[in-house]
Amino acid sequence: MDTLILVIIGLVAGPVIGGLVAGLDRRVTAWFQSRQGPPIMQSFYDVAKLLGKEKMVVNQWQILCAWVYLIAAAVSVGLFFAQGDLLVIFFVQAVGAVFLVMGAMSAKSPFSQVGAQRELMQILAYEPVLILVFVGIYLVTGSFSISAVWELEQPLLAKMPLLYLALGYALTIKLRKSPFDFSTSHHGHQELVKGVLTEYSGPYLALVEIAHWYETVLILGLCALFWSTNVFWMAALLLGTYALEILVDNTMARMTWRWMLKRVWLLGMGMSVVNLIWLYAG
Amino acid sequence: MATTVIPFGPQHPVLPEPVHLTLKVEDEIVKEAIPALGYVHRGLEKLAEIRDYHQMIQVCERVCGICSMIHAVCYSQAIEELMEVEVPKRAEMLRVIWSELHRTHSHLLWLGLFADAFGFESLFMQFWKVRERIMDINEATTGSRVIVSVNVIGGVRADLSPEQIRWILGEIDIVEKEVRALQDTIMNDYTVKARTVGVGVLSKENAYLLGAAGPTLRGSGVAQDMRMLGYGGYSELDFEPVVETSGDCWARSTVRFRETLQSIDLVRQAIAKLPEGELAAKVKGNPPEGEVYMRVEQPRGECVYYIKGNGTKHLDRLRIRTPTFANIPPLLAMLPGCELADVPVIVLAIDPCISCTER
Amino acid sequence: MKGKVINVTTDTVVGEVMKMKNDGHRLVTFSTYQVDEDGLGILYHFDKNLETTHLRLTVKRDAPIPSVSGVYFAALLVENEIRDQWDVKFDGLVLDFNRTLYLDPEVTQVPLVSNVKIEPKK
Amino acid sequence: MLFTPTVIKNLLKKPATRLYPFTVREPFPNYRGELYIDIDACIFCGTCARKCPSQCIEVDKEQGLWSCDPHACVYCGICRDTCPTKCLHMKDVHRKPMTERIMMVEKGEPPKPKKKAAEAAPKAEAEPKADDADKGESKKADAKKK
Amino acid sequence: MFGSFIKKSRAKSPWIMHFDCGSCNGCDIEVLACLTPLYDVERFGIINVGNPKHADVLLVTGTVNHRNKKVLKNIYDQMPEPKAVIAIGACGNTGGVFRDAYNVVGGIDKVIPVDVYVPGCPAKPEAIIDGVVVGLGKFAQKVEEAE
Amino acid sequence: MSNLLFLLILLPAVAAAVCYFVRSSAVRTLTVLATGAILTAASLALLGQETQPLTVGSVLGIPSDFLIAVLDFALLGVIFMYGVKHKSLLIQGFTLAQAALLAWFELIMVKSAEVPAFAVDQISLIMVLVVSIIGSLICIFAIPYMKEHEEHLHLKKSRQPQFFFFMLLFLGAMNGLVLSNNILWLYFFFEVTTLCSFMLIGHDRTEIAIKNSVRALWMNSLGGLSFVIGMMLVYSKVGTLDISAILAGGPQGALMVTGVGFLCLAGFTKAAQVPFQSWLLGAMVAPTPVSALLHSSTMVKAGVYVVLRFAPAYSGTLLSDGVAVCGAFTFLACAALCIGQSNGKKILAYSTVSNLGLIICCAGLNTPLAITAAVLLILFHAISKSLLFLCVGTIEQAIGSRDIEDMRGLYAKFPRTATITIIGILTMLLPPFGVLMGKWMALEAGAANIYVIIMLAMGSALTMVYWARWGGLLMASREAGAAREKQAALISLPLMTLCLGAVVLSLASPWIYNSMLAPMFNAPPFALSFGSLNAATGSFAVVPLFLALGLGALYAVKAASGFRKVKIVAPYLSGSNAGEEGTYIGPMNGPVPFSAGNMYLGELFAEGKLTPVFNALAVALIVLMLGGAL
């Protein structure tokens, strides 16, 4: 029963938190650029407006894929709040990612096609890192379940600092921030227009956006696990991490997927492996 | 088989102007790039047949709204040469000041757009923020931010008061400081270099043979700057063409960055040497029969006007060759083999202005 | 007009342009003007160390003009432009847009020649 | 990451944003904004119409009508500078956007056919007054309102 | 309640798309300048999206010619309702100085319906902001009428 | 029970003979259908049986063990003949060595008492189900397929009799293989599959088909040789041919473990593990039902079965780790090679090898969790993969190409096939379906071994990529009123059955686990509650996930099917769309058609460059593995 209540809280709070984070993000980004920026509630206005727009698609697959993306993202957040298995949560989240890609590929538009391919490259880059992070958690707690994390005496961060850094790569990719914002970017000034999102419009774009909020919450939740012992430090860790994300977003050029693959596989995986070896040894 | 054909333009967010490239890519490597033009073609050269030669100044300014001043200067100088009009020294120097202000704003604008081309939005914002001071100077001294309309045949229509000059000097000091603060980012930042160094390389020979112009040519190591012809007030100023040798996008952006500082310096020199005197010479009659070939240096490079007069107030032929027109063949040569993500960077690196290309 | 002007004919133009290239000149552009009812003047502008040289070619519009795009690739765009604006043909143009560089079928006049209709597209 | 000092500086300083339209800064006095005419001073000489590079002014000397298409005007100020009576002026703020196309039409008093004027503009006929005045006035009001 | 939130949101989140229809760049760069720190139209929730399918408001600069009129029409058709069109600058309004040239069709309203005309050559960023504000008013009005 | 076993093994052989000698297509069709039905029934019936070892006394008065020995040599003789015919020294050498060693083994070493020939346990039960049901469906699919196939080839004389002969024989051999309890019997069936696969791969008799079949034969002969060596080494230590006895004893010293190592190596060759993957890839020249049969449910599964079967015999040894690492390496290497492929069957081939690697890795990990993962993977992989093979076959016959780039937008013309293929792909890579569940267990089991987990993590990501893009490119718009797609009943039946099976069995997986797998272990890895599999290390909420995602997906499908009410617009093409969907006005004012291609990461994952590297690494790993056993 408790689990069910937690799941419902997660499902409701997910988009609220995700939307607020997105709004804050835009505001802080504006400050970094010496601008005033939009209201904090802007993301909600955007999505509400999109929901009120005319429904327009290239074909029915897009409708299907947008919905499945949202549902999978929501389910993964639900599972997270239900203290589920990290790997399962991740795979459920991957359902969404795959459907987003497939929906983009259903349209005869080179932009969404290439965007979809790049999205796949991103999955290729972050998936191994995330799995290794979960393995790290398993090695520390003896389980892949989130519930085990709360029983720790010492924050995960103390044992897996390098894995946290590697997680940073995955976080940046998932949040679609520079230097990894090539499958689609927040500002439409990209060689691929809106990349993987080019053909989603109106209410379906809103679904994708809400799903993205869920994903943001999921990945922030993942970060939160790293300081599970103290709420204050957890908040500080999250704030610091996100602030760093915004800073990185604002001080780096967009790179290419080739660069990303090499970088994340060498550095991200490298750091993860070093940290893992340490955990295995210890 | 795994070829993707990408219609790059005419409406495309990284190309603020409508132009089209059909890109054939494999694994995001460009194999072939074919352009399509004509989305901005208006046919304004032909307007010379129905507008008189004074009115054509306003038309020529609108060949391109970014370096409008310099188009007007080039056109006016051509007509003045044809009609053998002596332009007052003060007017010549004022033309230099506004031309260099235009070059500054154009380069700052470009640096911003270039940053945007590799997804560095904050840097774009920063350059455009700095640029607004130049726009304010334009607006305060000429009455318009972009298309300033201060040229007339024989001179200029506006003047600078001593207070304005003092204010301008103060403003450009600030601009220079803020621009210099960005030097490290645009020239040395790791991610910026990763996106520009070695991208779109144009060798010195190719740049020359393909007829590149302006910073594109100078970035490949050819020291050619039409201002060295010494037209207008430039003969009295002290400067050297800015040259980089690596021929890649980094070199082109560095040339423009250094030219921005050079232009600010030229504004200072011109103000220091601003003589007293008339603003415009009296112009009587119509351009006589004859031909004139006039070249000036625009922010994007060498701009050529060919004018044929016939003794009436309408010109027989007005022909404009703009720098972007010259830079398109080199662009086509640079694209094959690059990554799709580098296409915007390479395209932007020639500082395309399609409006003036197609007129 | 400043700079040296050399008169050429359709027979000699490619050779002269080749000579300019071998001399290390940069092709700047061509300019065109109307000579008479069906005559077209083309000026080939060259630059070397800020010195200008012009080749002047006068042709009738109904005969094809030898293209120099094989010598200077950069001539491709301007030759296509002239093709659009004067309805002339170039022999050996590297990439011939066939009068679609700027013009659409809606424009029925040859732009820079008065009272000449564009032939309907095949 | 070399850009970090700049963004931090931006973060610590007040945003550079001008809060237009909530606060409007003092316009530059020279700005060539909205063109308007002091119709009472106009002598309907047509100079402005002839000099306008955009050819957007029409002057009907016989009826005393001066009209300009503000949508076609390029705000170059040539007309203002060449008007012999200096009856054309430009505000230092831009013309406000409109939801419909309008035409500025001003009706004034056509000059009496004097001998001197007759040389330049032959046979300007005397005109019954204010036939179209109402129409002109209403359009003018419309134009100004926006 | 949600319906009224959507209605309110429409005015608070106008995503614009800029299409340069053969402009001299004068107006273009002023449109771009609107996004930059000194004008920052993101204050009003405005995002410059490069894609008609995401746009609410189409900002058009420049003269229409025979080639780009098809593009203009196409883009307009790909925008989902409700939508508004703002023609910017003398060129967008009427064709401007170029309207007598042989390849010029004229203003934007020759091809698609225009909701707001922003005069100027080029239109100042302030004028463009005013134009968007007027456009939003028109937008709300159109939605009312449709309902 | 004994009747059922004979039915499962001998009926296919008899049916095969019927197909071969009665050259009527109607009879053939009936035979195949009937065999399929009976095999299915028999395998299901076996489920309800008491399991106990079974001894086969004599057949027609000849002692059965002797009969098998004779048949062994006869088989080797046939293979040697083919070696001579195709001038392959490798085949000749390997077979001669095998024959010599086998003779020595049987005549000198073995002093056996009677050993039960057959035994049924959980693993073999599942294998029998897989072989009998999926194998039968594939054979049924082959009926219309081969008809059309021969029409394409314009054959004068139908060669379907041979074809179905070997197909059905294969099923029998497989059933025999998985049920054998006598290691010599196992070896016999192992060799039968080698010969059948050789015949089937070379079925089309094109130059390339023959070349590839010869390659398959020599590699599998090497496997046979390795099997014989392994058998001898193991026997020399434990002194019995009884597999259950061998397993019960666990690892017994270096020599015996090395012997098991050789048996595993034999399994590797059969399961086409790197560096032996090339035979399986080459086998793709065969008609698609062959690929489906060989590479989803039978031949290659024989390989992993051997490795899995002997898992208890090497548990806790270095060999076990070696097997795990080799398997994980194959998983990663083939996933990487797969990224670069656009040939649909090659993708399936690499993905098969890759998944087999994962199963072998699980066997090597050798914990209850890992063994559960292995068995579930065998089951679900067989279903989904055979479905996909059949889909590719159907598509190939429809569009004349097996290149996935040519399948772009398949939905527009062939909505049924495309949808089934998409579902097939989804069941291969996403939760809550069985293959992913297996992968999940494998990852959780592998987390204890750093080498394994790193390779699994990377391989898992690569897998996601090559499936997702294939699934995506099949989707497309379909014009209203486009012609309906026709599918022959015998094509539809296997496709729909497999498709449904993949989904329903995934949903039922907790109960499958509970009833069939949990009894295998003293300490079952999972507890079942609310339809979730719970363990200390993690839990997979199968039924809740099915409910959440399934209901969600149903809602999404409903929303999508209302698409006619939504405005349909052309895709965005920078504003230059021409009339037709996807076409735009390009240079010279002319139309340019849509064209898109996947990224194949040519510079990173070039098959030609990577294969030698992977092969070398794999050889090194295998040497290490065998060395580790000593």
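Just so it is clear, A, B, C, D, E and F label the chains in written order, and each chain counts residues from 1 on its own.
Criterion: contacts are C-beta pairs under 8 Å (C-beta built on N, C-alpha and C of every residue); 3 or more make two chains touch, one makes a residue touch a chain.
Not measured: the values here are computed from a predicted model.
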Common touching chains of chain F and chain E: A, B, C
Intersection of the contact lists for chain C and chain F: B, E
Furthest chain, CA centroid comparison against chain B: F
Far-end chain from chain D, centres as C-alpha averages: F
Rounded Å distance, chain B centre to chain C centre (Cα mean): 25
Cα-centroid distance, chain C relative to chain D, in whole angstrom: 43
Between chain D and chain A, distance of the C-alpha-averaged centres to the nearest whole Å: 55
Chain B-chain D separation of Cα centroids, rounded to whole Å: 30
Residues of chain D touching at least two other chains: 1-3, 7, 10, 15-17, 19, 53-55, 74-76
Chain A, residues touching no fewer than two other chains: 30, 32-37, 54-56, 110-111, 113-114, 117, 187-190, 193, 198-199, 250-252
Junction residues of chain E - those touching two or more other chains: 19, 36-38, 40, 43, 48-53, 67, 71, 75, 80, 96-97, 100, 102-103, 121, 124
Full enumeration of touching chain pairs: A-B, A-D, A-E, A-F, B-C, B-D, B-E, B-F, C-E, C-F, D-E, E-F
Residue numbers on chain E that touch chain F, as the complex places them: 19, 51-53, 67, 70-72, 74-75, 77-78, 80
Chain B residues within the chain C interface of the complex: 34, 37-38, 41, 43, 45-46, 208-211, 224, 226, 228-229, 290-293, 295, 302, 304, 306, 308, 316-317, 319, 321, 325-326, 328-330, 333, 358
For the chain F and chain B complex, residues of the former touching the latter: 342, 403, 405, 573-576, 584, 586-589, 592-603
Residues of chain C touching chain F in the complex: 97-98, 100, 104
Chain E to chain D touching residues, read off their complex: 37-40, 43, 86, 90, 93-97, 99-100, 107, 109, 115-121, 123-127, 129-131, 133-134, 138
